[in-house]
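To keep things clear, I will list the structure first and then write my remarks on it.
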Amino acid sequence: MVFRFFPKTHNFFDLFEKQVSHAVEAACFFKEVVSRGCVTEDALSKMAAIEHQGDDVAHAIIDQLNKTFITPFDREDIYALAKELDDITDMVNNILTRLRVYDIRTVDKNLVEFSVVIEQSVRAVSRAIGGLRNHKNSQVVCDACIEVNRLENVGDAMRDRVLSELFANSKDPIAVIKWKDIYQDAETVLDVCEDVAHVVDSIMVKQA
Amino acid sequence: MVFRFFPKTHNFFDLFEKQVSHAVEAACFFKEVVSRGCVTEDALSKMAAIEHQGDDVAHAIIDQLNKTFITPFDREDIYALAKELDDITDMVNNILTRLRVYDIRTVDKNLVEFSVVIEQSVRAVSRAIGGLRNHKNSQVVCDACIEVNRLENVGDAMRDRVLSELFANSKDPIAVIKWKDIYQDAETVLDVCEDVAHVVDSIMVKQA
Amino acid sequence: MVFRFFPKTHNFFDLFEKQVSHAVEAACFFKEVVSRGCVTEDALSKMAAIEHQGDDVAHAIIDQLNKTFITPFDREDIYALAKELDDITDMVNNILTRLRVYDIRTVDKNLVEFSVVIEQSVRAVSRAIGGLRNHKNSQVVCDACIEVNRLENVGDAMRDRVLSELFANSKDPIAVIKWKDIYQDAETVLDVCEDVAHVVDSIMVKQA
């Protein structure tokens, strides 16, 4: 019998890569749906399924964390990563549900633009997570985190611009209520990606 | 003189049971008030008093935590439980205040329905907390956490349904603004209950 | 060569005092701008610059934390303080941006009133942080924290009053949407100040 001092710690990297792959899948599908314009029952079910899979991986990470004594990086960072990667998929799923609840049936070019930036940001998050496994990737990780931060600023400016336009042009208060929520949610996805990048950053600093 | 290695750690269980009893009291009183329909000054004062008592217990838990070296479960879990149980009572109190600020004077059947689910969820939280004291209760705790998660899903679906109806039927934007906030707050109480269940879950896993 | 067991831990106090000085600067400038009534491009740039400086100090604190083994108080408290002081400046900056996005050009006496309370609260936060350095200041710290809590209650009551008035008097739903957000944001600044006071409180208790 071999005593393993690092009991399957490599699993954390596998699990995080799996979890972020669901976030990427959610972001891609989100872009597809908002570019088509109408949120069907099928689209909602598919997104809910992706969200569910992401959830399962998050639970697997927390379970593994609770059972593991030695972890590849700080426990609170593992917990924060699992939680925030989960939040990305959740938030994207929430926006689809909201589009359905608000009965939005048109293609909105601002939302399409947001979905493009969201996909870019989640893909950068994926590169950052993928690079954590090996110290030789530190430049890749660093570049990916910088990109996530840049896209969060892009999203901030975009939200301010589209909200300014919305309030300046719309005479329909109900439409203002709806779109303010939707754009705000879209921007929040980019905030959550930035939170992930901050955690990754601090993992890198501690290991330097 | 007897040196106590576990200085009054049993107090944490007493304190948590006391704190959750205030949350249950708040949820019951909330159901009562929204079923009657009008939020009087008296009702606001009574709810504020309940919230205050819950607050005092939360402070007692944090004080105890800061002075205790050995705790019955992880410090961060104690902190999270105290904070989130406090959030339940806070949120319920906030909804009553909001009903008053928004000058709502009618019985709303959707809100009554929410209040029933909220009471069920807080009672399940109470069973989960009550079971923490003894390992023999693990099945009770587990069942209660599953119930809290189930009710959070019920609440999500309910919020989506009532918001869909609100946006489909109401022509009054001010009413939409008000009720969107109120239903959202109601659903958030169930989210916070679920957060408590997650903390309880992870305490159980770590002690298994 | 001298081995330093406490490697520049005093830096944390310097850094926190610097960070809170940016928060005070932001709060003062905020009061100035809302008292004048129109948010110019220049005002936005100046506030963004203050926010940026605060951000830099927050990063310096986290960097220092990641590199330091022995800290003057608990790591999670240092992290929470840096994050929440950053949030104060962020939130104040967000309100200015929002005033611009919502194209608010008038002096609003309620918002001016909020800005006065915000400045008082941030100054009390500054006294609390400044007193952390030396145990002899514990009374100053304690009084400052009590003042921050008091001002949070003042802000709560103010928000409830101005929202009641807004919903009772305004017939323009778009104006209701805008001012509800603005007053809510203003009150949130006071909540964040209270969060800082709670962290400072718990640091004092642990060191007692």
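Each chain carries a letter (A, B and C) given by its place in the written order, and its residues are counted from 1.
Keep in mind that, in the parts below, contacts are C-beta pairs under 8 Å (C-beta built on N, C-alpha and C of every residue); 3 or more make two chains touch, one makes a residue touch a chain.
Everything numeric here is computed off the predicted structure, so don't read it as measured data.
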Same-site or different-site touching of chain A by its copy chain C, using the half cut: different
Between copies chain A and chain B, what's the superposition rotation on C-alpha atoms, in steps of 5 degrees? 120
Once you find the CA centre of chain A and the CA centre of chain C, what distance in Å lies between them? 28
Multi-partner residues of chain B (each touching 2 or more other chains): 173, 177
Write out the stretch or stretches of chain B touching chain A in their complex. 160, 163-164, 167-168, 173, 176-177, 180, 202, 205-206
List of chain C residues in touch with chain A within their complex: 62-63, 66-67, 97, 100-103, 173-174, 177-178
